[in-house]
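Presented below is the structure to which this report refers.
Here the chain labels run A, B, C, D and E in written order, and each chain numbers its own residues starting at 1.
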Amino acid sequence: MSFEPKILGIACNWCTYTGADLAGTTRLQYPQNLRVVRVMCSSRINPSFIFRAFQLGADGVLVGGCHPGDCHYNTGNLYARRRLAVTKKILEFSGLEPGRFRVEWISASEGNKFAEVVTEFTEQIKNLGPQTKFKIEQ
Amino acid sequence: MSRIGVFVCHCGLNIAKTVRVSELAEFAATLPDVVVAKDYKFMCSTPGQEMIANDIKEHRLDRVIVTACSPLMHEQTFRKVLAASGLNQYLLSIVNIREQVSWVTHDIEEGTAKSKALLNGAVNRARLLAPLTSRVIDVNPDVMVVGAGIAGIQAALELANTGKKVYLVEKNSTIGGHMAQFDKTFPTLDCSACILTPKMDNVLQHKNITLMTSCEVTEVKGFVGNFDITVKQKARYVDHDKCNACLACTEKCPGKGVSEWDEGLVKRKAIYIPFPQAVPQKPVIDRDACTYFIKGKCRLCEKVCEQKAIDFEQQDTSTTVKVGAVIVATGYDLMDTKPLLQYGYGRYPGVYNALEVERLFNSAGPTGGKVTLRDGREPQAIAIFHCIGSRDKNNYEHCSRVCCMYSLKFAHLFKEKTSADVYQFYIDMRAAGKGYEEFYNRIIEEDVKFIRGKGARVAESADEPGRLIVEAEDTITGKFIKLPVDMVVLSPAMKPRADSKDIARLFNLSTDKYGFFMERHPKLAPLSTMSEGIFIAGVCQSPKDIPDTVAQAYGAAAEALTIVVKDKLELEATTAMVNPASCCACLNCVRVCPYGAPFFNEQKGVSEINEALCKGCGLCASVCPSSAIIARHFTNDQVLAEMEGLMEF
Amino acid sequence: MLKKTAINKISGLAATLLEAGTLLAPVKEAAGFNFREISDPNQVDLNFHNTILSPKSAFFPHMEDFVHYQTGKSVLEATPVELNLKPTFLFGVRPCDVKSFEIMDIHFSGTGAVDPYWQKRREAATIFGYAFDPDVPARVEEFYQTLGIGAADPEGSDIFMIKKDGDLLLKGITPKGEKLLAGLNGLDKASADEEKYFEDVIVGGRNVKTRFTCVDDKSIAKKFEDLFHVSDFWQKASAACLSCGVCTFVCPTCYCFDICDETLFSKGTRRRVWDACMFTDFTLEASGHNPRTQVFQRLRQKINHKYSYHVRKYGVISCVGCGRCTQHCPVNIDIFSIVDEAIKA
Amino acid sequence: MSQTVTPYLEMSQAIMEAGGEALKKCYQCGTCTGTCPWTPITHFNIRKLVRFGQLGLDGIEDLMWDCSTCKFCVDRCPRGVEIIDIVTAIRNVYSGGGMLPQSLRAFVGSMSARGNPWSGDQSKRNDWAGGKYPLYTADHEYLFWTCCTVCYDPRNVRLARATAEILNLAGISWGMPAVDVNCCGESLRKVGDLELFDRLKNNNLDYFKSQGVSKIITVSPHCLATFKKDYGEDYEVLHFSELMAKLVKEGKITPKKDFGGLKVTYHDPCYLGRHSGIYDAPRDLLKSLPGVEFVEMERSREQSMCCGGGGGGLWMEKAKGERLSDLRIEEAMATGAQVLATACPYCITMFEDSSRTLNVDEQIKIKDVTELLLESLDINIDEPVVDTCAI
Amino acid sequence: MATSFKQIEEKLKTEAAKLLESGSVSLVLAYGKGYDEKHPMPYVAKCASDVANIVFNEFCTYNMARYLVRYPRGTKIAVAVKAADSRAVIQLIQEEKVKREDLVILGIPVSGMKNPKTGETIDSKTTCGLYNPVLYDVLLGEEVHGQPVVSPYDVLAGYEAMDKDARWAFWQKEFDRCIRCYACRKACPMCYCDPCFIDQTKPKWGDKSPEPAGNLMYHLTRFHHLAGRCIDCGECSRACPVDIPLYLFHKKVAKECEEMFGQAAGMSIEDKPALVNFRVDDSDKILE
């Protein structure tokens, strides 16, 4: 059986989650490997959520927020950008494959971008194979 | 131990087609703490809601999970069911298996598997949900309307007529907007001024409307029911309280400015009213054109003003207005067609854009309603190019929706006012609207030539100086058309106001990539925004015609009323709080909060949060290193538990 | 009977022990030596003074799983963890550390409440005590002499070992040790000279110089009792203390632990984990109240526990003078100096 | 003849599968036709070609060979349709069915047999150099990719030598490719032989990899665009004009000779301009030449005309009055320019032909920017001794 | 010519006595005698008579800024700081844990410090590589010049060049040794949270037991919490009883932060901590 990755998505309520809804409303098709957690703002994302997601066995983590400058909370995603950038550097220096963590700005009107990103990211994670480094083996 | 009920919706076949709903309910029943799991055809229907309400009682449920469409769709519906059943409404969790599962896959295996994972996450999270109480706040009964075009005017009048006090803020020195620039409106060809100016006058006279022209919003604080909005009154250099609108000043003024109202086709005075029916009909001074401001002497206007209303020392001032709701109706600009070199706009005098042509037709316009070219000739042949920048990946992808109809209107008016041959270069003729197709038929019968092909190029004629050659393919014959004309009219894309992104930032609105404001839901909440208490109307949301704009204005007024008719308002309870035992006083929360909600309590040595200001974004919780901040409804526990559930299967 | 083997052939002995069961012995690691379970006989390295972590983990591991459980629909399925221990050989324990087992026994079995995990591990183990090298002076941090422990005390060991030049001399102390030693192949019989040397070292060990101050169990307990409220004494003593857990984790007689449930997905483990009285949340109560919020309170508790409460309750100081806490303290807090100050105070 | 047709969707499907996916997007507004330089002078109708493709209609074969892939329509298309991909796909589908026009058969044949379009002997590819210049090795910074046309076409050989000399003068570390490399394959791809293109491409990629190539200089914009867009690898590819403009700007080379008021106009090659977005570098170069008076033609930069040589046009016969290069020469002459400068060997070939057939080769000279630069640097290149094949 | 340790000690004593006698500070954070010369200790002098106990020698590595947050806000404190320690003070000022006006900063320019645990000279590559304090009120010696200039990040090259799998194996080996004694966070001048996130049970971020998963969560999150704040004194690594080279990871994060946000931790009291700050024109490239 081919490898079907588990991908955790964390999406902000106002842009990316709504954009994901729009992808659905417009019936765009994309792989079903992504499971989305809704938070109010990408700035809600604690870096430890990301570490934990990988420990829980996520093969990839996709964070979605409003485009910088368009944050529903004005500046939330501008903080998130910095914090998640550092998270990414930490993951990479620890030895995790760089491609497993991605941050994308997807607005509420970009259902197509959401579908495209998910499709592309899923493909990328499939190519990377299962994530075994952080995953806690039981 | 929780008692969780899981309710799986089929949504007809919308979900059931690609998710095995009964299997999902059976799966839910196997999960710890789930005491009842059911599936049903339409959970949001009355019987569906009743089923949930009954099960809450029968099974003494303390958590409810509805596995259906997006929470943005029906979370409120089901929260009400919980509340009616005596359960705190925040003990609800929605699993989105429609928009984010069934509609995005064709594969029932995948759809079912993903739904199970999502449901498992929701069950994990549900156990940790806490009952929350909404805050109740007093509501300020006044409303602000930003933008006084037809949308803003209509909304303001509606609200004022219900007895509500309205602040109508307009950037320009007059209200009226683009509609006041038109001569006739399609398809009825009634006179734009005749239907608009009475409304403008009503606004001025209405005791409940505070008209704020030459004003801009500079800061928005507060939240639904209690906005504090700072408005900048730009200096007019004329004291409107003193001015009696005799307009003697405008006659004597030697200054020359470009008439924005006439789209730059003519000059106006430095002290001026934009057009004769302007409201308020009191002049303002254009600093950049005023001889006194440029050279330091003149002040002729001051000399002729008997009311002593001229005040060269006037400064910009700011006032703060308190309102309960806001309607944003900032309208549109036409796209700048100069960069489209192939059409020669700005280079060839014979090329006009649509608003310029509107002014040419207008009897109060630069030519007194006569159609003459910039060199004074009457055009013999006129080409109207549709879809310039609209429906165009390189510019604006949307259809601007009104161009087909106003282009037809132009054709009619050209026929009426000149003897010219009129050609329409179009891609598709869009005439959906009451009386629109009939109007199209009428114009066809007026012998306007329709060429199905997008105008490709405008060049100067080598043989006849001053004439233009338009080039396009007539796609019906497949022939390349080269047509000499005197006038080319471009129908450019409608785009949001140049400062729409600033407005969006001020009012916390989302925009699409062009800057049109995003509505909360394209069908069910087209006038609401993601910001509670802020509504939108007119073209600032998307291109539309006058009837639709007016309809939206009525709608937005009604939406605003739903807020300001109440004395009290319940707010979302999903705010953040500080656990003082864990607070390490790093002040990160205080530093990052966009709303200034957290503050440092020196006495206790810990941070605290003013929940009235908190909007629940959770930023403070994520920057809190010691996890002392609890972002209610999105707590660290809840998110971690949900993640664990999502990753389990 | 005294036996011997060349130290450079120690792997042979290790291999024999490994065949008979589990072998725990000093291993050289990045930061220094530690007792580890041996998989390759060549790992055993006796070229050490003492280990970083004490050998208490042989009987009281940093983590001890008690129960594995599975969360289900309505019932929790729990499976207790059974210890199926092979005979265990704890090899190369210094006399002061051997003494610590005796103190720890009080808590894990001596008061009537028997900890089965400790007891089973203890019963399965044969302890190879190992005298400090008579040719190497004691470390400056060590003060076991103060607590009446010699550098070569064989008591408490099943087999006791002393280094002589390139050889290792081994002698059975308990019947268990004697029996084991008799059955071990590949060991040579020691000469009479060596027998004498062995006994001389044991006696000489009593006189090996470590830091020394005259400590009487009862009076030191009383002294600390009197000092309890002299917060200035404790403030000074703890001024540098970072409140980390190093001292307790390296200590051979610290036995505090926490029980925690670690659950992931539907599987979980109930587990005992070392805790440290120096941690802020050690005394954090469910109500949110914490009786020991200050660093000085925690340091006071630690020292009092070892030198005062323990004496009162069990009649013995809970410290063997190994000096690990001082040696590994990130800010060089020295328990000996505090005791010394207290005596002088 | 009956007007009745039945849409043949299998054909449309085949075109989409061959890379013409964009067919679906077109809404037939005619902007492309209105923009296409061929529309005013031939029967070619690019919109119709797309329409026929959408429905898979017969008659498409009469339309499909005229497009010179100038990309003007693509840039203007309001739907963002990649029209060139459609043309290429249609050509691929039909030429696969044996419908290659006679004039292109020799071209494709030579590509297949010798790896270059000019029936040149492969072993003589580097004869233009006369043994004077080194082969590329990993020690060199740049691979100077000599287009087949400058290697074999006697008119264009000057370009290769000019480039080589300027590179040496500027002290650039460079080498030329070994003789066993192939044509970049650009025109071949555009005439639809995607399979043969892949073969040539892979052969070249193997060469790049084996030699550790990372930076490439091209003289032909066609090679430039192909390496950048169609080779699917991330090489740093520079057009020679870019490099030279940079060197002049940095003062590494300084044009000396005064041209004494020579009036020069510049034709934007489609593959340098619209395809690669390079408009300023060649202009900057021309403007840096002392005594050159630079004039623009009416249609320039993004709106430039096409010479007609792209998309296989270089190898096809066109009747008088149906040649874009003729029109372009007239446009150049209308500016009063004495020199029509450009930066593409295809354009040079097309314009040289036209200026001779129009009998204006004395009034207006066709020159590559490189040649003008060389002249200004006072470097003399001997006439090359190359055994070139007949064209 | 650099000032000798003995001279610094004398000046430190003089200044401390002056400050305590004048009452301008209520305590001086410096170094005092330990159980032998090679093991001095952090020391708090509270009155003039305490000053005699002050020492300074090459083993006084401790970062005294770590003790600043122990005293109530507003306490007037004099603190002896070496180069990196002064950066910690600056960072604490940025974070408003202490106020500049409450501090008298006694700067110590020094080179050739030795690790009291090993007795070896501390490799300047394992610390921030500065010799002179960045901020001080009184400088207790001449500035150190002429030492080899080392980039604090040079030491990373080898680790950055490592294959990701090898780097994972490396860190796994290091983190697996962790015994969760928390000496690292307790020695850190910037780790002033109490409780630390890892001590929390609600939420429970990671296992309390010293297992690989919990260890990884603890360390990675701590690196994130110190991003843009770590001033590279190296105390965490020196405090670690099992020698985990934590400084490497902190350096890497500090380097990335400096590159991305254009600001190094603790270099100016005007700065805002980088991770609770933003620039509208921060590039999205930082996320690549």
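Just so we're on the same page, a residue touches a chain if its C-beta (ideal position, glycine included) is under 8 Å from a C-beta of that chain, and two chains touch if they have at least 3 such contacts.
Worth saying up front: this structure is predicted, and the values here are computed from it rather than measured.
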item	value
Touching chain A and also chain C, the following chains	B, E
Required steps from chain D to chain E (each step between touching chains, minimum)	2
Most distant chain from chain E, judged by the mean position of its C-alpha atoms	D
Farthest-lying chain, centroid of Cα atoms versus that of chain A	C
Chain ID, smallest distance between chain and overall C-alpha centroids	A
Inter-chain centre distance, chain C versus chain E - centres from mean C-alpha coordinates, in Å	32
Inter-centroid spacing, chain E versus chain B (mean Cα positions, whole Å)	52
Chain B-chain D separation of Cα centroids, rounded to whole Å	48
Gap in Å, rounded to a whole number, between the CA centres of chain C and chain B	73
Chain C, residues touching no fewer than two other chains	264-265
Multi-partner residues of chain A (each touching 2 or more other chains)	47, 52, 56, 69, 75, 79, 83, 136
Which pairs of chains touch, using the document's own definition	A-B, A-C, A-E, B-C, B-D, B-E, C-E
Footprint of chain B on chain C - complex, ascending	71-74, 264-266, 288
Interfacial residue positions of chain E with respect to chain A in the complex	159-160, 164-172, 197, 205-206, 213, 216-217, 220-221, 223-224, 227-228, 249, 252-253, 256-257, 260-261, 274-280, 282, 284, 286-287
Touching residues on chain D, where the partner in the complex is chain B	27-31, 33-35, 39-40, 45, 47-48, 75-80, 302-303
Chain E residues touching chain C - in the complex, by the definition given at the top	34-36, 39-44, 62, 66, 70, 116-117, 177, 179-183, 185-187, 194-195, 199, 207-211, 235, 238-243
Complex contacts: residues of chain C adjacent to chain A	264-265, 267
